[in-house]
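Okay, handing you the structure first.
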Amino acid sequence: MKIMVINPNSSADMTNHIRKALEGIKRSETELTVTCPDKGPVAIESAYDETLAAFYCMDLVKKANAENYDAVVIACFADPGLVAMKEISDILVVGIQEVSMHVASMLGNKFSILTPIKKRIPSKNNDVWRNKLPYNLASVRELGMTVTETDEKPDLAQRRIMEVARKAVEEDGAEVIILGCAGMVGYAEKAAKELNIVVIDPTSVAFKYVEAMVEAGIKQSKRALYAHPSEKEYKT
Amino acid sequence: MKIMVINPNSSADMTNHIRKALEGIKRSETELTVTCPDKGPVAIESAYDETLAAFYCMDLVKKANAENYDAVVIACFADPGLVAMKEISDILVVGIQEVSMHVASMLGNKFSILTPIKKRIPSKNNDVWRNKLPYNLASVRELGMTVTETDEKPDLAQRRIMEVARKAVEEDGAEVIILGCAGMVGYAEKAAKELNIVVIDPTSVAFKYVEAMVEAGIKQSKRALYAHPSEKEYKT
Amino acid sequence: MKIMVINPNSSADMTNHIRKALEGIKRSETELTVTCPDKGPVAIESAYDETLAAFYCMDLVKKANAENYDAVVIACFADPGLVAMKEISDILVVGIQEVSMHVASMLGNKFSILTPIKKRIPSKNNDVWRNKLPYNLASVRELGMTVTETDEKPDLAQRRIMEVARKAVEEDGAEVIILGCAGMVGYAEKAAKELNIVVIDPTSVAFKYVEAMVEAGIKQSKRALYAHPSEKEYKT
Amino acid sequence: MKIMVINPNSSADMTNHIRKALEGIKRSETELTVTCPDKGPVAIESAYDETLAAFYCMDLVKKANAENYDAVVIACFADPGLVAMKEISDILVVGIQEVSMHVASMLGNKFSILTPIKKRIPSKNNDVWRNKLPYNLASVRELGMTVTETDEKPDLAQRRIMEVARKAVEEDGAEVIILGCAGMVGYAEKAAKELNIVVIDPTSVAFKYVEAMVEAGIKQSKRALYAHPSEKEYKT
Amino acid sequence: MKIMVINPNSSADMTNHIRKALEGIKRSETELTVTCPDKGPVAIESAYDETLAAFYCMDLVKKANAENYDAVVIACFADPGLVAMKEISDILVVGIQEVSMHVASMLGNKFSILTPIKKRIPSKNNDVWRNKLPYNLASVRELGMTVTETDEKPDLAQRRIMEVARKAVEEDGAEVIILGCAGMVGYAEKAAKELNIVVIDPTSVAFKYVEAMVEAGIKQSKRALYAHPSEKEYKT
Amino acid sequence: MKIMVINPNSSADMTNHIRKALEGIKRSETELTVTCPDKGPVAIESAYDETLAAFYCMDLVKKANAENYDAVVIACFADPGLVAMKEISDILVVGIQEVSMHVASMLGNKFSILTPIKKRIPSKNNDVWRNKLPYNLASVRELGMTVTETDEKPDLAQRRIMEVARKAVEEDGAEVIILGCAGMVGYAEKAAKELNIVVIDPTSVAFKYVEAMVEAGIKQSKRALYAHPSEKEYKT
């Protein structure tokens, strides 16, 4: 099976990180491509960034369809452009945010999301709402680090993740923690062990989920919400 | 006061229609600019179209900020890119969808939305959800006409609007009808009279709303959700 | 256009305050009447007070209809008797609470309400529920001052508003503050500037909103919820 | 124990009906007073009617408190003025609507409400919302008879109740029917038997409920929502 | 009238406590049986315990039906097996949890639940959700005592109830407290007096509720959700 | 990896069906055990049946833990005893209902559930509620066949599934169909093709999901909701 993982952040470094993490967990027979658009924000931290990133990812999604991939994974914890990507695809498209939230909902009472910076908290709250899972959210808490910093300062990131996850557990009643940024890949295990909770690395979990769903023959319904866009003129 | 109305559909015809309608209702002292991007879909009928349209509208929003406009109105009943636009603006930005849904919620028990084509019904349902007004929705019903057709065949559009609105009233309990497409501008009055209900033309209502809010000094909060995007590298 | 603003509190002082504030922001061509019933509570601070105030306001609403006003604004942040008033009116009737909550919902992630005294917090929570906007509320916080005190001690009121609004922003995640009492008119601007948020003075915002809606020809639907009461015997 | 049942409709006939029904089911030691205000609408069929009725009932509630009643029951399926009554009472006050909706929620999957006339359907929907039980409602259906007619034409009323209840069961999935008007007292039994469902006569059920709660020493909390109104000037 | 109260905890001591409490409040003509299964957990503190207790209670419910009881009360604040019991019964079956939550919802703004141990908090939150009353919950707080301890150490239990209830009132806005364990029977009165709130002892309130409903002829609907299980083979 | 699939229905025939279906889709290296309790209902069609089945499955779950299985799948579209099973397990436990509902939520706008018999419709509605996914449900529709019949009459079952799924799509707006009974295993493919929608066979999808989650190291959190039951006396 061929899976394309698209990092909507136009950062080669972060894309390499993701590739490395996924190569360590993919099934041996899975052909994995991890890529990113060559335009757009190097780190997605606003709806404006999401708008640009979504635009620049569209061609990659079309390419995955044209080159007989079996599925596409969007590896940014905002699922930018996800509905549009499902529309233009005949192959399965999943976002790491939607998968990790749904999986988390089955693993404990409520989940908390760790997000890089404080001003993004309402945005993550709204993402939970968009996924229609408001009753499964314990809290959104910030690390106080930018996306780039979580990628560049691994020791600090690991320590902050431990501190903030502990607060989510003790003060908000979280039983599951979602590392809400593709830049936090790789920090889940240590936090889970020390805090006796489940910590979800969305990219890894979504990737394994997709391998299974491809085997099960599952794709998005093309009936209405994700139907192909009508033919029309696009001015260029 | 200077207001820029952006039609995210790249259709000069539809933009002219909107301009004409708004010139007839604007306050005399309001300076009105109605414009559209020169790239992107001529008619927005999918999330894919919205993604492209949102991208191409960003420069117009920046222009409105740079040229001392007082407010921007996004004239497409999907509010494409609205959150991003509020982020990058120091001036008030409103979408015709958000305003018409909130106004409708105060005018009767529940509202119904008329949408051009059937496969867009779940999308409009989700738009109501995104606006956090699920308890005010009676139904979404389709005209069975494309966006372009509603603009080009006014007699048929008027007749279909009457028929479908009547069903929404009688079968779904709607007391307010929202004409859910900028292409339906101009059809509200006749339907309202004949059916003894309120029919909202979102573009007109949102425009008058914006005139008032500018006078009242009201803008979106720049605190968190609509805070300016952080400085960063955007690859181009 | 002729607009009647009814202060349901039977206090001439507070009514004068409101008149003064609105005369400063009304459009020059708007004919403004600000009035209050001559019976009932001087300050509305309970459902019991609301019941009495609603009763005594009915004649004023009928008068506005009889004397060709274009709209009525109910200037008490409890919207007492609002549904009944919409029923008996052929002209637009709006409450300052409903308008300010809906407007606030479009300006930021979540709003907080400042209410005079602590024991009214659950009541304001229920008002948000009644307006079907529970997902837009950050918190309700009390000033610790009675309605009359907020009117009589402007310096203390301004200071308390600043303190409490800051807590709502920092502890509850509010991005918009609603001054939840007609007695707090005039304190919005300073708080907004200092806290970098939006502060809504419900009376002013609702008044400007009504001017716009009258121009747009918008009224409540008379179809069912706000249909005229059936003819019948009223014992007197 | 002494219980005062207040019919907010100022109709002696309907009040007599209610008295008769309750005398047949009250416990022998219960002292029962069934009364109605001598002013206000003879039949409550709008928010306007509710506003007037609520006002005129206040003195009766005060009287019940002054004369050492143990509880008050408001016998109108709109619970007019209920929050205010709970505020001014040290004794238990219940509305027949709140009790019947909560009891119905425990007896089957979802309940339907029969209401006299069509235009009141949205109002009853909103009453369910106000009671925070939206997930327990199957539907609201109208008899097509006024409140007065349900009282005056018992045969027609019984027949219509059967017909409409059957539709609620078969088309809306109702398992419990609430007779949503004090005028429908006495019709429950036959409908229940024939349709193999539960039919709730709100006045009877609420009355028995109150007898039990008085014995259990249960009253509304006076902590905040139902706290006594603050002392103040009431202009008269 | 004959009422069977089933304590699903297989503890003779706790069952005796409940019997004693109910004998003090039952109507003189009520024939009361308080019993418990002779198998299963002595204290129900997990879903696993509930599963076992539910299984072992089924025969008691069948016995109540066979021996012409008028109603069954399940006296455990988890309502274990309640839906199944309503299915297999032609007589009224109520759980103390469902009744106390619904009654509490009518007595104040929001209720808080006191639960024995901390790890059960999410479970009680889910119980509120299952009863479809999420909007009436202020909080769930733990005593920090096991079920058995609340039964064995009455002084400590009373003191902890006071402390925790006070926090629920002051920090969470509770106006009604539900003693969320049958082992807490008897502590309500003192807490209510000192804190000026309503404290509900679920077993007592549910018992009085059932006496009234039996007199009113109210039972669960046998239409669908609580229909008798179909005939079939049960392997044994 | 070793996975135990437990069919809570005590039917060897149905268990064989499930085994056959899963052997056709399991990964070659997966060791699969499909089993059922030797006591309890042969077909689960009521809460009473679920209560018995849950009880008799507990030993199988303990066995899976003792014999070093990696995960347990509960193969009944009611997830009987699921919370208890998660509590007593250190290995991953999933129910086919929870997984299929969450997966379906990502594949289209709304899903419909096909259930064997009409009187179970409210029960399936409540299951969706319990999984906190009420906003993703289009409808529950019945086949009009018992669980046993769906297993014994494959041609009729296939035809009914097609008919009912078509209604769900056309009348209720479903884009995804869940075959809501383990007895419907094997009918998904044909319906999906003909109706151009997604049809989920819960057992297959949940099984593939579990293979992936075991590889990803994902288990339920043992923090609170699914914590091990406290030690105590169980009378036997």
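Here the chain labels run A, B, C, D, E and F in written order, and each chain numbers its own residues starting at 1.
We adopt the following convention: a residue touches a chain if its C-beta (ideal position, glycine included) is under 8 Å from a C-beta of that chain, and two chains touch if they have at least 3 such contacts.
All values derive from a computational prediction rather than experimental measurement.
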item	value
Partner chains shared by subunit E and subunit F (touch criterion as defined above)	A, D
Inter-chain centre distance, subunit A versus subunit B - centres from mean C-alpha coordinates, in Å	30
Whole-Å gap separating subunit B and subunit F, where each centre is the average of the chain's CA atoms	43
Shared-contact residues (touching 2 or more other chains) in subunit E	108-109, 121-122, 126, 129, 132, 135, 173, 175, 223-225
Each pair of chains that touches, named by its two labels	A-B, A-C, A-E, A-F, B-C, B-D, B-F, C-D, C-E, D-E, D-F, E-F
Footprint of subunit C on subunit D - complex, ascending	10, 38-43, 45-52, 54-55, 58, 81, 83-84, 87-88, 117-123, 126, 129-130, 132, 146, 148, 223-225, 227, 229-230, 232-236
Subunit E contact footprint on subunit D (complex, rising order)	25, 27, 94, 98-99, 102-103, 105-109, 132-133, 135-136, 169, 173, 175-176, 196-198, 200, 204-205, 208-209, 211-213, 215-216, 218-226
Contact set on subunit C toward subunit E in their complex	121-122, 125-126, 129, 134
Subunit F partner contacts - residues on subunit D that touch it in the complex	108-110, 135, 173, 175
